Amino acid sequence: MKREVPIIITFLTGFLCVIAFFIPHPPLGDLQQRFLVWYAIVYGFTMVLGLDSLLKYNVKKITQRKEGWQYSYVLLFGLALVLVTGFQSWLKYGTPFELRSSFMYCYIHIIVPLQATMFALLAFFISSAAYRAFRARTFEATLLLVAAAIVMLGRVPIGKMIWSEIPVVSDWLLNIPQLAAKRGIQIGVYLGGVVMSLRIILGIERTYLT
Amino acid sequence: MLQSIVILGLLAQPPANVIAYDTPNDEGSSITLMWERSPADSGDAILFRGYEIYRSESATGEFKSVGFVPAGATRFDDGNSEIQDGKEYYYIVRSVTDSGFEDSAVVGPVASGAQWFNSQRVNVLAIALLVSLLVIYYIRRAHAGGRLFVRKIAGLDAIEDAVGRSTEMGRPILYSFGLSYLNEVWTLASLSILYRVAQKCGEYSTRLLVPHYDPLVMSAAQETVKQAYTETGRPDLYDERDNPFLTADQFGYAAGVDGMMMREKPGAVFWQGYFYAESLILAETGHSVGAIQIAGTTSVEQIPFFVAACDYTLIGEEMYAASCYLRPEPQMLGSLKGEDLTKAMIIVFLLCGAVLGTLGILSEHFFDYRGLSVLFERIVQWFNTF
Amino acid sequence: MNLLGTWIAAGLTVAILSFLYRDNPFYKFAEHLFVGVSAGYWVIYIWAFDVKPMLIDEFLRQAGVEKWLLIIPAVFGVMMLMRWVPRTAWISRWPISFTVGIAAGLALTAQVQGYIIPQIQATLLPLVSIGKTTSETIARSFNNIMIFVGVVCALLFFYFSREHKGALKVGSKVGIIFLMIGFGASFGYTVMARISLLIGRLTFLLQVFGLR
Amino acid sequence: MRILDRLAHIDRRLIFLTIGLAVAIPIIMKLKMPIRISSEVRSAYETIEDLPEGSVVLASIDYDATSAPELTPMFRSFLRQCFRKKLKVVYTGHIAIGLPLAQFDLDMIATECGAVYGVDYINLGYRPGYTAVMIGIGREIRDFFAVDYRGVPVDSFPMMEGIHNYGDIALIVDFAHGLAAEYWIQYVVSRFGVRMFACVTGVMAPTLYPYLQAGQITGIIGGLQGAAEYEVLVGQPESAAFGMPAQSIAHLFILAFIVFGNIGYFISRRKK
């Protein structure tokens, strides 16, 4: 029961999606559509799963007074804040996504700046990483550096001001050798993806069951 | 009065050669109509509005409108649950202008039906089958103990050197899966590489730190390390605190690993798994604490940072191959072989295609012979997906 | 109210940026707030876009068999949450295997049809391409050759079943050259992306402080 | 030699400060630079221009605030182009946390262009399931989106009449900061034969070139530069075009740092 049923479910659903792709005859299309709708519903639940490890971890941190436990209160406060405003907005406007609602207020004034700034930090890190790590140590590294420099200049207006051909060279790099490289890598990667799917459907691959 | 009717008639001339047929490759309840544009239709929706499609169950019966397409269109799919498979229907296509309309002749009878195979997808079936059979064959062979060769990968010897050097300097080793989850191929590959690293650490009695992003990967990694230590006869080395869960937040994890590197100053760092934007923060810190860094990832967007900041980088599939080389498990090994053979076939096929295409162009240009080009075109067409 | 919001946003922006100096309590505060808030968002989303419209509303709207069939995904969803209790955790494997199966089934055909086939087709190129002028012919042929050689050599680099010697060695070496150019281009583009994000944030801050 | 040596050992906080200033000063000084239009962006722009009036365009929001500076200007320009051409926009997406963000732009540009909700555009909201939703709405949109983002039945809006699946959609435009663009191409474009172009971050743009050459997509609008080009084509240069000078200057500084770093590296190697 614990192992066999999941493997059978995986096989049936996976196999159905594969044959419904090739066989248009009813009832396969209908059946697949029903499964897809169910998938959407169930998938939603999988996304709250992470919540469990998050809560457990932080509650444990607080009860055991681990280093930085105070911040776990901040985390729980943030969680509660969103839940309260979300349901309050839902009651008030019938949807939390009314632009005037308190839920959207939290969204635009808390989550947006936090998310955006987290990533903006990368601008600084990439500069210092470029300075410290990008060395022309080998022939390959030199090629990488040169290509990067051309694209960095070619994709901004100042490149054309320096030399009018820089954007042309950078477009060519992107459209020809870069494309060929990505295609070569990705064909391999997607073959790997196809094979992984096959292994899952056939029940050879079971790590997701742990 | 009479004149204006003639002009209107001219403007609204009907579409010609209307044909109706069962929509191919579908599950029924659909009929496709095609026609040639009315001479009045210049594709401009201002004078000529478009075509109204009418359906009836008998040639003389009552026709009802089932759809409208704008000027310039020459095709309409009447896909509707009202249509019963096997029942006969009749159609009229009407040209509509601002001031009048004109009907085509009645076409039909035509019936819809469902197909048992989507013939447009023959190419997908062929390639999916080819890959599947090759992989299944090689997995079975690997299970049966057949010898399957995997070439040496640059950077793998470095594992031993890195562990050795760390030991000499009295520093620990750090190993990270990045933001990987347990159901992903690279995680499995990374577990095999971790096994090898842990073995080496066991031999040299070096401390191994593995900070985690995902609790499931953490439990799998703990098992792996424990097993590797036990096998090298050093189960005493294992300490669960060296395999901690940090946080399931991208930047939180990066900051945590960063802090760990600054505190512990590892002599060697392994980045093996899936990485996102945090890759450069991690690799740069590793570089700044002077560690030997060995990276391996399939995330194409992040490889440049690893190539630049690390001493060795296993690029994409190289990481899978490395894991097979270090720990030949039948599933991984068989899959790698099957994929390899498919790649070889693709290469050969591309080569033949290039030769044929080139000869085609040359023979057409110099000898005015089109045969080869036509053949080449046919082969290219076979790959059409729609 | 909006002014307060803008200052909260500006304050949080500065708190995160302070990490550049060094790790500090302000950054830690902002980081933890972020994790908590985004987790909360998931709950609201799943309710507003999943459970309510697709389960509850549908259940009320449908009749007959359709109505009762909705029990299946609902049960699967609940089974998923059984993972929170260690003793019943194994039940969550059922819905997980359902989602994994669907995803694998869809991916198998999609990756062949959506990547492998069209990309092979696009690489089936004649190595000469005749243009209107000689220079156009040379340029187009050169590009075709580059794409062909690049793809084939990159594939050779990822060929593991044979020792890289002789022609294979040469091919995979050429492959590395293409790969490095490709990675370089990615790096250049990524630098651009990261700077753009900073531009966005700084524009916001400068607007708040009235400098733009 | 001492100067060069020092250049090879710049403190990282000094680098941070330099980059911060290199970005901030051009913004404060409101510098301007001419924008050159690349072919990938032009062909994307023309894909929309070639659509007949009244065609339905599906916009998928697959980004969030982490990449808003790049993608927001693209989305705004896209909406302006569509509404001015009297195209109908269906709005959905797969990055839940990003949808409300773009909703602000949607409502703003709709007001600006006089587009009416339910007639010229509709916001379907989000459904979990990613590729399953992409494939499922290829059969019937209502199987997933029976109601819009506020819970109003979609059939109560005039514009949804006759829109059931990809057969009724003339173009998909994906705004993505991750793998979504590739999913759209692999799961939808090839399977259902719909036209599509992609608006993506700089990080993702290079990955999409193979699809462009294979004809699977009709254009790529990549990164802030792509956004700026698109703004210029639509005739309303805004945040992206104004950001390009800062972008240019910052790139120059980063390149300078790379050069310094390498000089230092070669000096120290020669010493050894």
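Which chain is which? They are A, B, C and D, in the order written, and residues in each are numbered from 1.
Following the convention adopted for this analysis, a contact is a pair of C-beta atoms (placed from the backbone, for glycine too) under 8 Å apart; a residue touches a chain by one contact, two chains touch by 3 or more.
Values in this document were obtained by computation on a predicted structure and should not be read as measured data.
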item	value
Any chain in contact with chain B as well as chain D	A, C
Identity of the chain that, by mean CA position, is farthest from chain B	D
Whole-Å gap separating chain A and chain D, where each centre is the average of the chain's CA atoms	16
Distance between the centres, which are taken as Cα means, of chain C and chain B, whole angstrom	12
Separation of mean Cα positions, chain C and chain A [Å, integer]	4
Multi-chain contact sites of chain C, meaning residues that touch two or more partners	19-20, 31, 34-35, 38, 41-42, 46, 48-50, 54, 100, 102-103, 106-109, 111-123, 147-148, 151-152, 155, 157-158, 179-180, 182-187, 189-192, 195, 197-198, 200-202
Touching two or more other chains - residue numbers and ranges from chain A	18, 21-22, 29, 36-37, 39-41, 43-44, 47, 50, 54, 95, 97, 107-108, 111-113, 115-116, 118-119, 121-126, 128, 130, 132, 134-135, 140-141, 144-145, 148-149, 152, 155-156, 174, 178-179, 182-183, 185-188, 191, 194, 196, 198, 208
Interface hub residues of chain B, defined as touching at least two other chains	121, 124, 128, 131, 183, 247, 251, 277, 300-301, 304-305, 307-308, 315-317, 343, 346, 385
Touch-based graph of the chains, sorted into line, ring, star, complete or other	complete
Residue ranges of chain D touching chain B (in the complex, touch as defined)	52-54, 167, 190-193, 203-204, 207
Chain C partner contacts - residues on chain A that touch it in the complex	2, 5-7, 9-18, 21-22, 34-52, 54, 68, 71-72, 74-83, 86-87, 90, 95-97, 103, 105-126, 130, 140-141, 143-152, 154-156, 170, 173-174, 176-188, 190-191, 193-194, 196-198, 200-201, 208-209
Complex contact set, residues of chain A against chain D	29, 33, 36-37, 39-41, 43-44, 47, 94-95, 97-99, 104, 107-108, 111-113, 115-116, 118-119, 123-124, 126-128, 130-132, 134-137, 145, 149, 152-153, 155-161, 167, 171, 174-175, 178-179, 182-183, 186
Contacting residues of chain C [partner chain B, same complex]	19, 23, 31, 34-35, 100, 108-109, 112-114, 116-118, 120-121, 123-130, 148, 151-152, 155-164, 179-180, 183-184, 186-187, 190
Touch list for chain A against partner chain B, complex	18, 21-26, 28-29, 50, 53-54, 57, 118-119, 121-122, 125-126, 128-129, 132-135, 140-141, 144, 148, 182, 185-189, 191-192, 194-196, 198-199, 202, 204-205, 207-208, 210
